[in-house]
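Quick heads-up: structures coming right below.
Below are two complexes that have chain A in common, paired first with chain B and then with chain C.
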Partner chain A sequence: MGKGYVFTMDMVLSIVILTVFLISISFFLSRVDDPYSNVVLQKEADDALIVLDKYGDLSTLNSTVIANSLNSMLPRSVKWNMELNYYNYSSGFTLAGNNTFGSAYQQAREVVSVDRPFLTFENQSIANYCVARLRVWSG
Partner chain B sequence: MESFAVTFSDNLLKSSGVPYNWNSTNFSTIGLVSSQNILVPSKVSNFTNMSYDLLKQTFGIDYEFYFYVENLNGSRYYDIGNYTFGQQVVSLTRLGLLNNEKVRVRLIVHG
Partner chain C sequence: MKKGMMFSISIFILLSSLLYLAISFSNYMTSLKQSTTTLSTVETMVADADAVEYGLKRITEQNGLNTTVISSSNVSFSQNTSYFTRYAEQITSFSSFISNYGAKNASIKSSAVNVSALINPHNITVSSVYGNFTVLALAGENSSGKITSYEVAIKAAVSTPRFNWTDYYGLPSSDPSAIRVRVAFQGSNGTTYDERYLDRAYTSRVQLLNQQNKSMVTISMFVPSGLWLNYSLDMYLNVIVGLNNVTKIESREELVTVDLGEKAKIKSKVIFVEG
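This part shows the complex of A and B:
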């Protein structure tokens, strides 16, 4: 009876140690960066900015239009944050405004960022020189 | 396999091909766009109507692949390739404009 009890405790202890070991391995493997995912994320973000620009969504500077477009194009597993900075030019560039929208990225473990300059027009002349910065990450 | 999928999709979405008006019997490189990510219907049509084996040979592809273009609602406009997937599968989704409509360009490489 006593022997059986010791054997059982021994087995339970082994299982606990094995479980802790497997959880540790799993944790450390999950911390290893996946360069392929980052390349894919970068390609997706770059494509999204090009399409937003060439379709005309970016030049609206309208956060709802841009957000709807991004949500329809990017996979649901991808979170994003858009930062728009627009400048006037008069003997040098001066910041005329900015707008940031989308999900908060500060807590994301790894964020991929792509930039794209673009122009807005009014009455067939340049109204603003703009830079869009799209940050994406796996959510 | 992963890097091949990225490079292959980049070739298709970033280049016009040579000559610009290439077709299935006259080409030295194949690309599907007029400018970055702006798909040209005739180029996509030429590409998806080519022999799958010829494409694999042209691109020096050792894997199998399945390529398709769909709109954001999932309606498929063009496709080519082998969609009986093997054990290893890499799927890549790119974005573009086709006739001024936003589309997904999907490349699934498998083997």
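This part shows the complex of A and C:
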């Protein structure tokens, strides 16, 4: 009877330890973000900027055109914010203007930001030297 | 006593296993983090290189050499020779812009100010500096042997010149060694042209003479199947190289570098036309 009691206690104790261990791992994993999700977001943002640039949407500097294209390209679960800075060149670069549009990103938990330099032309000359900064996050 | 020992050992093994599992899990998470950082870095480098390549491509199309493929076989190069200075200035300012504002780890090779292109898969080089436009093929069936024709069209605000062949080696059009060469010039008093079938084994040369019998443009077709234009005036120039199966036209050199020091470095060419 005494021996059986000790064995039962031993088994219960080992089950408790194993359960605590599994719960700890589960809790830890739930707290850690999937590290690949940010890489996927970055890839999506980079691809979106490439398409916007090569289809000529970025060089319009028109927020409606760019917003429509972004909404059709990015998954609905992804929220975005675009910041355009454009410069003139005359013996040095001076900021000619900027434009920020899209969702507010300040409250987002983790934001992925990608940049792309691009050019606008007028009469075959460079009109503006620009940088597009696209911020994306899971909404 | 023996039972106690056995329990102690069992608990020790159990705790060791737990510790080993915890360490393995920690190592796995660390390696995962490192691999995602590496993936992110590579992604940024590739995106930066692409942005700079595309910027260079656009500047070249606008001011340097506009390249198009016609019917997937003939390659057309057009340029305004008065834009050379502007082209060089824009390449230089774009280079300065990307290193200060855009892709800070990217750089453009200084030789990007020289206009050049490589036609693949024939390995034919096209280069252009003010005063000279050259198409250079390698000897052999797969390079110079693939060139079937040249069409040169020039438009300039000068009196329409006359043609003067200083070296001429003609062949019947049916001869497999013949290359069709057509030169057209649109001047202030009309358009003139000359079309001949030349022997690719010899150098033929034609001058475009003005009313004072001075050469404004000299066009040489040299061995093996190369073309050289030497000129001394501002003009719009279009050269169509007759080929087949053009797959890609890119810059001759790797003009774009994205350098992260010892971590990683990529170099890439500018692709003007692909597909």
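Methods note: the second predicted complex is superposed on the first by the 108 of 139 C-alpha atoms of A that agree within 3 Å, B and C clash if a C-alpha of one lies under 4 Å from a C-alpha of the other, contacts with A are read in each partner's own complex, and residues count from 1 in each chain.
Just so we're on the same page, a contact is a pair of C-beta atoms (placed from the backbone, for glycine too) under 8 Å apart; a residue touches a chain by one contact, two chains touch by 3 or more.
Source: prediction; values computed, not measured.
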Touching A:Ile23, do we find chain B (first), chain C (second), both, or neither? neither
Examine A:Tyr129 and indicate which partner it touches, taking first as chain B and second as chain C; both and neither are also allowed. second
Quick check on the superposed pair: does A:Phe121 touch chain B, chain C, both, or neither? Answer first, second, both or neither. second
Now for A:Ser72: first (chain B), second (chain C), both, or neither, which partner does it touch? first
Between chain C and chain B, which one touches more residues of chain A when both complexes sit on the common chain A? C
Would you check which partner chain A:Ile50 touches, where first means chain B only, second means chain C only, and both and neither mean what they say? both
According to the stated criteria, A:Met9 is in contact with first (chain B), second (chain C), both, or neither; which is it? neither
Of the partners chain B and chain C, which touch A:Asn38 in the superposed model: first, second, both, neither? second
Intersection of chain A interface sets (partners chain B, chain C): 36, 39, 43, 50, 54
Using the touch rule from the top, collect the residues of chain A that touch chain B in their complex. 36, 39-40, 43-44, 47-48, 50-51, 54-55, 69, 72-73, 75
Touching chain A in the complex: which residues of chain C? 7, 14, 18, 21, 25, 29, 32-33, 36, 39-40, 43-44, 46-47, 50-52, 54-55, 58-59, 62-63, 83, 86, 90, 93-94, 96-98, 100-103
Help me check something: in the complex, which residues belonging to chain B touch chain A? 2-3, 6, 9-10, 13, 36-38, 72, 92-97, 100, 102, 104
Going by the contact rule set out above, which residues of chain A touch chain C in the complex? 10, 14, 17, 21, 25, 32, 35-36, 38-39, 42-43, 46, 49-50, 53-54, 85, 87, 89, 93, 114-119, 121, 124-126, 129, 131
